[in-house]
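Below: the structure, in structure tokens.
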Amino acid sequence: MSGPLLVVSAHPGDFVWRAGGAIALAVHRGQRVVIACLSFGERGESASLWRKGCSLDEVKAVRREEGEKAAGALGAEVVFFDAGDYPLVETPELTRSLVDLYRELQPSVVLTHAPNDPYNVDHPVAGEIARRTRILAQAAGVPGPGDVIGAPPVFCFEPHQPEVCDFKPDVLLDITPVWEAKLAAMRGLGAQGHLVEYYTDLGRRRGVQAKRNSGPNLGLPVDAYAEAYQRVYPQVASELA
Amino acid sequence: MSGPLLVVSAHPGDFVWRAGGAIALAVHRGQRVVIACLSFGERGESASLWRKGCSLDEVKAVRREEGEKAAGALGAEVVFFDAGDYPLVETPELTRSLVDLYRELQPSVVLTHAPNDPYNVDHPVAGEIARRTRILAQAAGVPGPGDVIGAPPVFCFEPHQPEVCDFKPDVLLDITPVWEAKLAAMRGLGAQGHLVEYYTDLGRRRGVQAKRNSGPNLGLPVDAYAEAYQRVYPQVASELA
Amino acid sequence: MSGPLLVVSAHPGDFVWRAGGAIALAVHRGQRVVIACLSFGERGESASLWRKGCSLDEVKAVRREEGEKAAGALGAEVVFFDAGDYPLVETPELTRSLVDLYRELQPSVVLTHAPNDPYNVDHPVAGEIARRTRILAQAAGVPGPGDVIGAPPVFCFEPHQPEVCDFKPDVLLDITPVWEAKLAAMRGLGAQGHLVEYYTDLGRRRGVQAKRNSGPNLGLPVDAYAEAYQRVYPQVASELA
Amino acid sequence: MSGPLLVVSAHPGDFVWRAGGAIALAVHRGQRVVIACLSFGERGESASLWRKGCSLDEVKAVRREEGEKAAGALGAEVVFFDAGDYPLVETPELTRSLVDLYRELQPSVVLTHAPNDPYNVDHPVAGEIARRTRILAQAAGVPGPGDVIGAPPVFCFEPHQPEVCDFKPDVLLDITPVWEAKLAAMRGLGAQGHLVEYYTDLGRRRGVQAKRNSGPNLGLPVDAYAEAYQRVYPQVASELA
Amino acid sequence: MSGPLLVVSAHPGDFVWRAGGAIALAVHRGQRVVIACLSFGERGESASLWRKGCSLDEVKAVRREEGEKAAGALGAEVVFFDAGDYPLVETPELTRSLVDLYRELQPSVVLTHAPNDPYNVDHPVAGEIARRTRILAQAAGVPGPGDVIGAPPVFCFEPHQPEVCDFKPDVLLDITPVWEAKLAAMRGLGAQGHLVEYYTDLGRRRGVQAKRNSGPNLGLPVDAYAEAYQRVYPQVASELA
Amino acid sequence: MSGPLLVVSAHPGDFVWRAGGAIALAVHRGQRVVIACLSFGERGESASLWRKGCSLDEVKAVRREEGEKAAGALGAEVVFFDAGDYPLVETPELTRSLVDLYRELQPSVVLTHAPNDPYNVDHPVAGEIARRTRILAQAAGVPGPGDVIGAPPVFCFEPHQPEVCDFKPDVLLDITPVWEAKLAAMRGLGAQGHLVEYYTDLGRRRGVQAKRNSGPNLGLPVDAYAEAYQRVYPQVASELA
């Protein structure tokens, strides 16, 4: 269970808003974290830059920089695949690159987008790519560097409007110890600054729910923060808790 | 997290077939386990005794003895509520007794039946009672001994024909270390002896799946055994794994 | 498979509108058909009689007569349980009577209401009672005349607004050979005469769908009539077709 | 469409947190609003009063006063049924009283609890009672004052943890014009004061989503507030919008 | 809310059978209606023309003429994309053309196919394309003429066999005032004339249900006609009704 | 109903493990059976061959031989499409070839993979291709040899971990009479020999369930074997059973 955490994200913002806490927590425990950022979100999530009159290359450069800064603030590495967005498309090249990354990295846990989101064309596609390439990387007959991977669990992060995306939380992750790191990373995302308050509220709301679901005994603080995740595969456990 | 494990079971057999591994595992870790057995399964699951011509009291006595023997083999305590079966009915008295038990026991984990089973009239009712009385025991205004309880997680055990019961496993519990204890307890259930092979197969099948879901890295043995459970509430965790 | 067909219906109209074709078809094949009509539909489905100023006993008498006439037109027997309607309630007496009927009749097939209907308070309850008492009648320890029953398949009939009731047809039953008998029985239901056209349309619509689902090869006529049913248990078959 | 708005609430707090905006909005439009409050929430939602040592009667009195104050702040009438809580139980008396209320009131819209809530034993029961008695009140044969009612649409309000309750919003109601009234009513609920912030956050979150779902054209303000509702029946409309 | 109505239809027949009433209603209110017809249905829905020996071009010409006639009968404009059918495939060119149309038209409402239809390969694809390109047209970074669009609500029309397609009506649209126009448009579709009766029955059936769902108060006539739609996004409303 | 049985399988093993009983049963009845094997499973299901150092062509040759042997043991014909696996991709060429096969074969029943499988990238794709090309083969305008086909029912076979794949059995097929043939075919699959025990257990488990679902009356033996299938379309029947 000592392998790195792999995060497959459609756009630079996603890994911050949706999984910044999980990333900071892993880093805090000493785990290596690698973020596979499939596009720069250059078309779908950079409206303010386009309105300023930036060119495509300028938009990409700004978003890359923001993404690197945010990853840095969380203590993670980020790899950009520049696969294009709006729409993000599954291509043999992208598939191959991701299989290679899985094989080289041998991740022990994978985080990515959930299957449904009627507000975004790329998020479900990115999640599908992440889940499919993970299976390809398990097969001895699929070419790629290094050994086949095992069966790392996959967690899907929470969409912007969870109820309309059929998102039902399976795990509430206590991110209280690293909340300040997530907040700093969110603040570093200039292009979408108006969302910081929205996701701060969400973190607190999930924190309250974590407290309510775990009872007074667990020792969560009153002002806990949490992130919600959905599992793709059953949990394998040696104890029910 | 040091409170006892509470198992709410409709009939004496259920806690053995469906949760014997989880019980033995908890005992093995040093946790106290209390089984609330709501009926003796005297009408619905004692066909062979009725065919032998036993009276109702004789049937109950045999099933009680079997239940006690099975609990003993697993290292657990069993409390019989004698609430009647086929159909098991939610009554104010039963509700009160269970609230009292929750309050006195302060369980850290609860196991019970899943919501749907079109083959059995009592299983869904027992699960509903267990889940409702747990909520009542959380409320300061509901009378009962001792303090209100916290929010212990609830796990539903696997029905006999899971796919037809809309049962989707959330947790595969590795019960390999205590498989012999579960096997012994199953063999002690004279009234339904033909099920031992069926549940041995199931244990192995779930073991294979646990291995497949966790990858070669987790170190499950080739001949692992497992039990499947469904969560009622999201898991509260400090790490994604 | 030579046992009778048992139909458990909340009100006298239901077995005609929803299952008249299946009943006539069974009778036509020489099978005995018994309809367990749990109430007279005296409160919930007799608005025109109440508006005429009938007393409760008069309403019941009229509905009983209509029900007997309709059953007769279909070639079936009808047993009234007079358990009250709007709301129909599950009582120990009703349960006992139905278990007795199951045991005495030893039905090879059971028809009843589907689980959901947000337009009617009695239909889901009647279906639940029919499915629960069937399970009770299977258990040796539950008192009642005769032998325990086997595991007759259960088919739920189509609610008035199927899509809003989560009703998904599993079986389209070709009732073309007995359409005239169903039509005659529908016409005999004076209290709800305006529904004949509605259910004639539905029969034709389901007939068209049966034709479309089975292909030109099956030999359904162009003007086929059908009824839709939902299964509670998997079909057991010796051939896929 | 000029009849009153009927709100069926399990406890005094519910109608404020979950539907305070809809109530104030109706009052603001000149519609009469009647709240049927089935219990005082005396056992399940009055922990702080019990911890202070209040007797049952005292708890009820405090909660009644709070409920009346909150209804007053919203401009609505409140009727208490004192049917008991934790657990709230469907009885013939309660059913009769509610049918009477439906008949006398002839509501044009009904608001109540959603079908599922694994955190609360009373909310689903109250919603079920509200929906069932509405159907009874439609039937000419069910005794009660006045005429049968028509088919008022039913809206279910949002549970505390919507995703875990399978709650999917069908309607986002813009309550911006009456937000101050809802806030005042929430603040008047002394017993559960810590929830004001939680529901203020929720109101804003739903407001942001309403804005995102309706587009810039609708003219919702940036700081809109909204409440989410789920429909029981299809909307009947003369225009798609 | 004064923008045009955009209908995205896989084949010429679809917009008539499934949405003819909504189209005529909008025209009747003075709203502009544009139908984006992605193919001529030349392969999948023109069996009678192929059996007559027509060439591909002849089939297309006949279907185009029928489509134009039907659109004209409803008072709408139709744009053919000639993207091919059976199978209809999402291509970058088609995507671009549709984004352009969204941008130029600035529709206030969108109608298209529902997500599932196991009887037709093109309908779900057309719906998916319509929903995805709408999101693309919202993004400032996606090239195209004019301004980005807002968030027009999307309504999915009813498939041929709704229950088997998991179609649950969210809206019953009263099309009584324009029924004659829909009937005329249906009759103009020579290639599939046998469906007129089928869809007349459906219109009446949905009309009866609209009446039943809205109550006697709404004032729907006895012989109302309606069309059923499913929403993709929550309704944003200023009143619950 | 005298046409052949068509089985569309992603890899050579699938038709044996999942449908070997149905195939042998059809052959046993004198029906022709054709297996369309879309790939050799050369990358995704041949780990042991790759570990031995085989080349791609060698792997394909071994798997082809195994597949032919297994088909032979079952009495069926097999056609290999060599479309590649891991990932299997829907191409115009593959689509055309399958439409041709449907047209030439005129199957009366179709068997293929179920829609969901989070453990395998090819199974859902193969099932989707099989279902889509069946619809294309029904359309007169789609080119291909021979007549259009009718509407043969489609049965999806059971995935490896059914509950996690949302697989709910609609049919339990009694394969007891041909169990030895299935066992022989499974044993012939050298590359995946460790699965024989797993699928023997599954066959017995489904056999026990078939017995439990059909009751003592049907005459299934105590040691019955069965396979589970899910229907895509409603069953068209002339009798409820």
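Going by the order they are written in, the chains are A, B, C, D, E and F; count residues from 1 in each one.
Basically, contacts are C-beta pairs under 8 Å (C-beta built on N, C-alpha and C of every residue); 3 or more make two chains touch, one makes a residue touch a chain.
Given the structure is predicted, the values throughout are model-derived calculations rather than measurements.
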Those chains which touch subunit E and also touch subunit D: A, C
Homomeric contact subunit B-subunit D: same or different residue positions, threshold half: different
Centroid spacing, where centroids are CA-atom means, of subunit C and subunit E in whole angstrom: 37
Geometric centre distance via CA averages, subunit C-subunit A, whole Å: 52
Contacts with two or more other chains, residues of subunit C listed in rising order: 119, 164, 169, 209, 212, 228, 233-234
Contact graph of the chains (line, ring, star, complete, other): other
Touching pairs - complete list by chain label: A-B, A-D, A-E, A-F, B-C, B-D, B-F, C-D, C-E, C-F, D-E, E-F
Subunit E residues touching subunit F - in the complex, by the definition given at the top: 42-47, 49-51, 56, 59, 86-87, 118-121, 164
Residues of subunit A defined as touching subunit D within the complex: 119, 161-164, 166-169, 198, 201-202, 204-205, 208-209, 212, 228
Touching residues on subunit F, where the partner in the complex is subunit C: 1, 3, 5, 22, 25-26, 29, 108-109, 111, 149-153, 155, 169-174, 209-210, 212-218, 220, 226, 228-229, 231, 233-241
Subunit B contact footprint on subunit C (complex, rising order): 95, 131-132, 135-136, 139-142, 148, 232-234
